[in-house]
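In the part that follows, the structures are each spelled out as structure tokens.
In what follows, chain A forms one complex with chain B and a second complex with chain C.
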Partner chain A sequence: MQNTFLIRRQSVLVFIGLLALFTIGATLLSEGLGIGLVSTSFVKTLGKTLCLCLVALAMDLVWGYCGILSLGHFAFFGLGGYMIGMWLMYARTEQIVINSLANASLPPTPDELSDAIGTQIFGVVGGSDIPAVWTFAHSLPLQLALVVLVPGILALVFGWLAFRSRVTGVYLSILTQAMTLALALYLFQNDSGLRGNNGLSGLQNIPGAAAVSQDLISIWFLWASAFALGLGYLFAVWLVSGKFGSVIRAIRDDETRVRYLGYSVEAYKLVVFVITAVIAAIAGALYYPQAGIINPAEIAPIASIYLAVWVAIGGRGRLYGAVVGAASVSLISSWFTSGQVPDLPLGFYTVKWVDWWLVLLGFGFVLVTLYAPQGLGGLFDRLVRRQNP
Partner chain B sequence: MSKNPMLLEVSGVSVTFDGFRAINNLSFQIASAELRAVIGPNGAGKTTMMDIITGKTRPDTGKITYGRPGKNLLKMSESAIARIGIGRKFQRPTVFENQSVFDNLVMALKKNRSPLDVAFYRRSQEDIKKVEDLAAEIGLTEQLHRMSGELSHGQKQWLEIGMLLAQDPKLLLVDEPAAGMTPEEREKTTDILRKAAKTRAVVVVEHDMEFVRRLNCRVTVLHEGSVLAEGSIDHVTKDQSVIDVYLGR
Partner chain C sequence: MLRILTVMVMLVIATLPVAAQTGQLQTILQENSKDVERASRKTISAVLDALLASGNENVPVLLENWQNKQLWMRKADGLFFYVLKPGAKPIELINIDTGAVEGTAEKSDLKELRPNSGVRSVMAAVLVQFQLKSSDPMTRLGALSAIERSAEESHFTALRAAVANETDDAIRAKMQRLERLLTIQFDKQSTARVEAIESFAGDTSLDVRAVLNPILITRTKVAESIPETDNLAKRLSVGDDIAYADAYQMLVDSERAPARISKQARDAALVENISNGQVGGFEVASLNTEAARIKAYQALVAESDVPPFITNEAVQAAIDNHVFYDAYIEPEATVTDAARKAVRAINLSVSAYQIADLGLDAVSLASIYFLAAIGLAITFGVMGVINMAHGEFIMIGAYTGYVVQQIIPDYTISIIVALPLAFIVAFGAGVVLERLVIRHLMHRPLETLLATFGISIALQQLAKNIFGTQARPLTSPDWLDGAWIYNDIVSISYIRIAIFILALLFLVLLLFILNRTRLGLEVRAVTQNPRMASSMGINPDKINMLTFGLGSGIAGIAGVAIGLFGQVTSELGSSYIVQSFMTVVVGGVGNIWGTLAGASMIGSLQKVIEFFNPSNTLAAQTYMIIFIIIFIQFRPKGIIALKGRAAGD
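== the complex of A and B ==
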């Protein structure tokens, strides 16, 4: 008893230690605060990767531990990004507009101001009115609250409807895919109020920090992302190591039996679904300021499927597995798709990795499923067990 | 009768699966500290009867009331029925194999079951003591920290009974607890069940006549979804209709 708890604590310390080392290391090598060996754009890639690890952690909680194969958690991630993006875009545009009107003979009326902001933001979709969904966009605290509330409430309503009707397994997965698809299609519309397929852009510019260089801002976000991942990890370990973890794993393995123990399975699923949706949203809210742009394509159903693939490759039901899977696959993926990998000339055909990477990933996924069903984490566990049986 | 009031009353229950009447106008009663054996040939509807009481299957007609004042079980969910004190052991042993015996028992302990309470649950010395006592009762003290999946078939059956006892139910429904057990294991199972029935009602479904004889309790014989005979084991084994459909084979 004591023993397993210590081992678990040890692994938490190792994880937090590695994360801190990684963050400090990247900082010391960065252009912003270090010797400049690592470019700012790569620091952003690393920061984004940490956010992807966080959403993978959420995926592991909901799928690996609770057995709900949600193929819609990237929708919550994207919504988190949209919510913070609205403030970033609005507040920055507001500043620009105020600055440009500062020399006018008459100070601008509030109407003129909002008209100018509206034209700036919504000109691309042929409008100048600020849609109702932007009501709170002027306020950072309100918009931060929406980062949590909008995906949280969507998950609550969706989950309540789905779990109450006892939709499980493949049907639930399909339903979650339908949810992301519907959301993406809605956002693609020009009159969705969120700039249609243009999405929100310029998110890397932080309002009020115009004087701060991107080199430094990238470090801020790297630290914020690392902090969020660390906290998320601690929270997840706390949640799954107690009786709650026992119950949700039991639900994963045999939900009928759990019902006869007197637990309301639907309530537990709903709690896990909503909590993980909120974690995903927070990860998204940290990701998109580093990416600089968000558009509805980010929420495409395939993104949520990738998320499941990362967790499967990393190893389900062991939190670090999700982190390892997300980090390795997304970093390798950005390497392959960046065009840095030399093409492979086969004489009759040249393999362009930008196109062929997905085939490679699919092949890797098949290999893992066949030969390491527990994922990379499972291989690692077996290694550890062999060393100290 | 007043000393031992009725706990469960099933009256006129019928259920049909695709036109096949699995339970046919079934009525019976269980008193609050009673050990009852239910026997009957394969397909007699024994498991289905438990499904109906525990809320898994909804009957087409009939009434089931439980406790005092009588609650209508037909309006409640499975988990709510479990929370008001009806525990069930399945025919096939179902324990959570990826978790330790200890964790299985802790999960079953009678405690508040809302997600929030469970998330902030800290096991008290008292709970640990309870779990250890239960483990002793079902003979799994040595196995307390092993994975349940590593247990033998008989041990899994006991663990499942232990989980039921941990819930501290007023009514325990046990489906074929002795299936696949060795004679010694059966004997121990009988003891556990007889002891449990001192403070609560226990309904045991069983095929094995020797096992039922050892339980030494009132017997209900089910056949084609309704009660064929009821009484002491000697009474029902002498009943001609029972001999015809069941014992004579």
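== the complex of A and C ==
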């Protein structure tokens, strides 16, 4: 027991060390603080990738450890992004409006201010009133609380309803997918109060930091994302190494038997579901300020399925596997779809990777499921075991 | 010979002016020649009145030719002729009174009269009166539909006269109906109008509603007391029926009360009176609230000549001193009462028909969902496998139909070929998928889900690479165009009927296969207990393969059907996949009747929600999914759940 824990801790130290090395390295090479070898947009991509690793970590907890294949965790990720996006957009628009009204002949009243902000934000969906969901958007602490509360409460209500009626396995997957679709469709409406399919934009401009260049802001967010990922990793390791971890793994392997042993399976599942939803939301809140824009298409059901694909390729049931899977697949994906990969001439046909990447990913993923069900992490483990039998 | 001809032509030309002068129509046209030559909507009626007053039987012919730009003028003497063949050389001139050929002329000697569309429509309205008396029933019907399109008061008397003389029963019935509609609009006597209105009780046709609704148009008015002359529709209570601000604005508009000082006007006055950074004794910088600005303005009122605020009390008093009411534009109370009653009766039957129409819509949507989901239900029920690539089999079927149409241009034959071919192609794809992937993932349902999802994105992208991202049309044959129309409200397009029949066909076919054939028996055995089945000599591998192929094949056929009324894109399948899953889960797994129940419920639910919120289909889908999530709480195994051992766990 003592021994295995030490081994785990070693691997944690290795992980944290690698993460720190990576972050410091990226900073030293960046345009903001370093020698300028890595462009600001790539620093942002790296920061975003760290956030994706964090949400993959949450996915691994809920699927790899607890056996709940949730196709809704990217919805929580998006909700977290929306919550922080509301503050970013409101505060920045308020600043712009105050500046533009500074030269008016009469100082603006609160009503005039909120009218102008409303027109500025909601003019694009044909409104000028600020909807009720934006009540707290003026305050950063309140909106930060909402980042955790809104997805958390949604996960609590949904999970309670679903687990209570013993919806399991593929049924639960489909139900979570339905929840994601419902949320995305709701947000697509113009009168949802969140600007319909325009989404929230200009999120890369941080209110109150107008003088700071994007080069520097990207470094801040890289560090914040790395910090969050490190904390999340430590938390996940702590969670799965104790008795709680044993119980949720037992639920994954044989739910009925755990129930007969007297554990409240539903409560355990609900706790895991809500905690991972909150982690996903925090990851989203860090991701979208780097992405700059969020719209309902981001939380379409397909995104959540991709999340599952990352974790499956990385190797579920291994925390580092989720991180490796998310980082490698998302980075390779964006590399292939950016058109930087040279075309592959076959003589009779030229393979353009922009078009063929998804075909490759799809079939490659099928091969991974068939021949390496434990993902890249599983292959790695087998390799390590062969060397140290 | 030539000489004789010349003599004849000379003779004709010599008699020409005489004939023209004696002709009655020519005389009338000559009297109004300026207005004939340059006809405008305003001046034409005088000419038409003169023509009608003459009672000449050739007037309709003249009007028709004139309308068709076949009335020409000879520049030399200003006489009018018909020119029936303007392309001929030389052009033949025809006398407008006798209809005889009067001579020829070069085109340069003639002027073509080109009445504009306004003039022509005036002529058409006049012509209708003659067409109603025509001996040709088609002409009379044409005249009736012309009146239906745009009724005029002048038609009314003509129609009344025509009804009495009509011999054809069908046309007379049509005329009588039209006559009653015109009575409502144009009769001078209100008793006749009321009678006509009452005769239409319960008639849901659009034309009746179009006639009755204008009678019930109201206008909101304000007065000290309601005048006797107004046909009162409703007294308005200020605050409930009409907002205070609107009511006061009406008083302002009718100059019964002074306008209130708007915020803009107040702020403008404040800005105008700023001096030394102060206005009304207040610092400008302090005017950042409404209350402060009001105070400053009141101070301004005291010291300069800006108009004072109008107090709420004054507004209230002004409103209290007046009555606000809706009055009908139609002055006759008996008519509006009858119309209101008739409209109420009509609305009742309209809503009954709307419910019927909604039912038809729901049935057609349900059959689409049934077709899309039944294949999924079979594979899910028999093998416990979630096939995320099911939507892509639908897409494969649709693209098969598109390719067949490229090869066989005849739409009827191509559809007949496409349906079985789509089945075969999708069946093959399904069998390949089963053998290569799903067989190796048995008893790992979550991984099957993800692996088939991998197949799904790969197939979608492949389709995009092959067929491009733009939508491809799948054209339906002519006999499927159009719609079955019961009345103005209830109708359904033939394609939807065809899809309904297709769904029905597959329901019967699947029931037959599963309940009456050897294959069905084995499938049911494997569904209930694969091990027991295999010890009875059934090969579960083969059964799984065939079932999966069958489910995929049906998806292919559904693809052709869905492609027929939509467009074929690579996203076609994925837009149906979630609904299909919902259908299967709600209905209950592994049961055809369950799928039918699920499809009916989801189809009708979606239509009902759309009916209450027609502008927002996105919201409808959101509410539907939320409803389904809640529904699953109460029946986690679906509407029709398998019981006993077969249910497994």
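Going forward, the second predicted complex is superposed on the first by the 383 of 389 C-alpha atoms of A that agree within 3 Å, B and C clash if a C-alpha of one lies under 4 Å from a C-alpha of the other, contacts with A are read in each partner's own complex, and residues count from 1 in each chain.
Going forward, contacts are C-beta pairs under 8 Å (C-beta built on N, C-alpha and C of every residue); 3 or more make two chains touch, one makes a residue touch a chain.
Computed from a predicted model, the values in this text were never measured in an experiment.
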item	value
Overlay on chain A: chain C relative to chain B, clash or fit	fit
Touched partner set for A:224, first chain B, second chain C, both or neither	neither
First (chain B), second (chain C), both or neither touched by A:239	first
Chain B versus chain C as contact partner of A:271, first or second or both or neither	first
Touching partner for A:33 - first (chain B), second (chain C), both, neither	neither
Which of chain B and chain C A:188 touches, first, second, both or neither	second
Which of chain B and chain C A:262 touches, first, second, both or neither	first
Inter-centroid angle chain B-chain A-chain C after superposition on A [Cα, multiple of 10°]	100
Touching partner for A:247 - first (chain B), second (chain C), both, neither	first
Partner with the higher number of touched chain A residues, chain C or chain B	C
Minimum Cα separation, chain C to chain B, after superposition on A (Å)	5
Footprint of chain A on chain C - complex, ascending	267, 270-271, 274, 284-290, 293, 386, 437, 440-441, 444-447, 449-451, 453-462, 464-465, 578, 581-582, 585, 616, 618-619, 621-622, 625-626, 628-630, 632-634, 636
Touch list for chain B against partner chain A, complex	54, 56, 77-80, 82-83, 87-88, 90, 94, 96-99, 102-103, 106-108, 113-115, 118-119, 121-123, 145, 163, 167
Footprint of chain B on chain A - complex, ascending	1, 239, 242-244, 246-247, 249-250, 253-254, 256-257, 259-265, 267-268, 271
Touch list for chain A against partner chain C, complex	69, 105-111, 158, 161-162, 164-167, 169-171, 173-175, 177-179, 181-182, 185-186, 188-189, 191, 301, 305, 308-309, 312, 355-359, 361-366, 369-370, 373
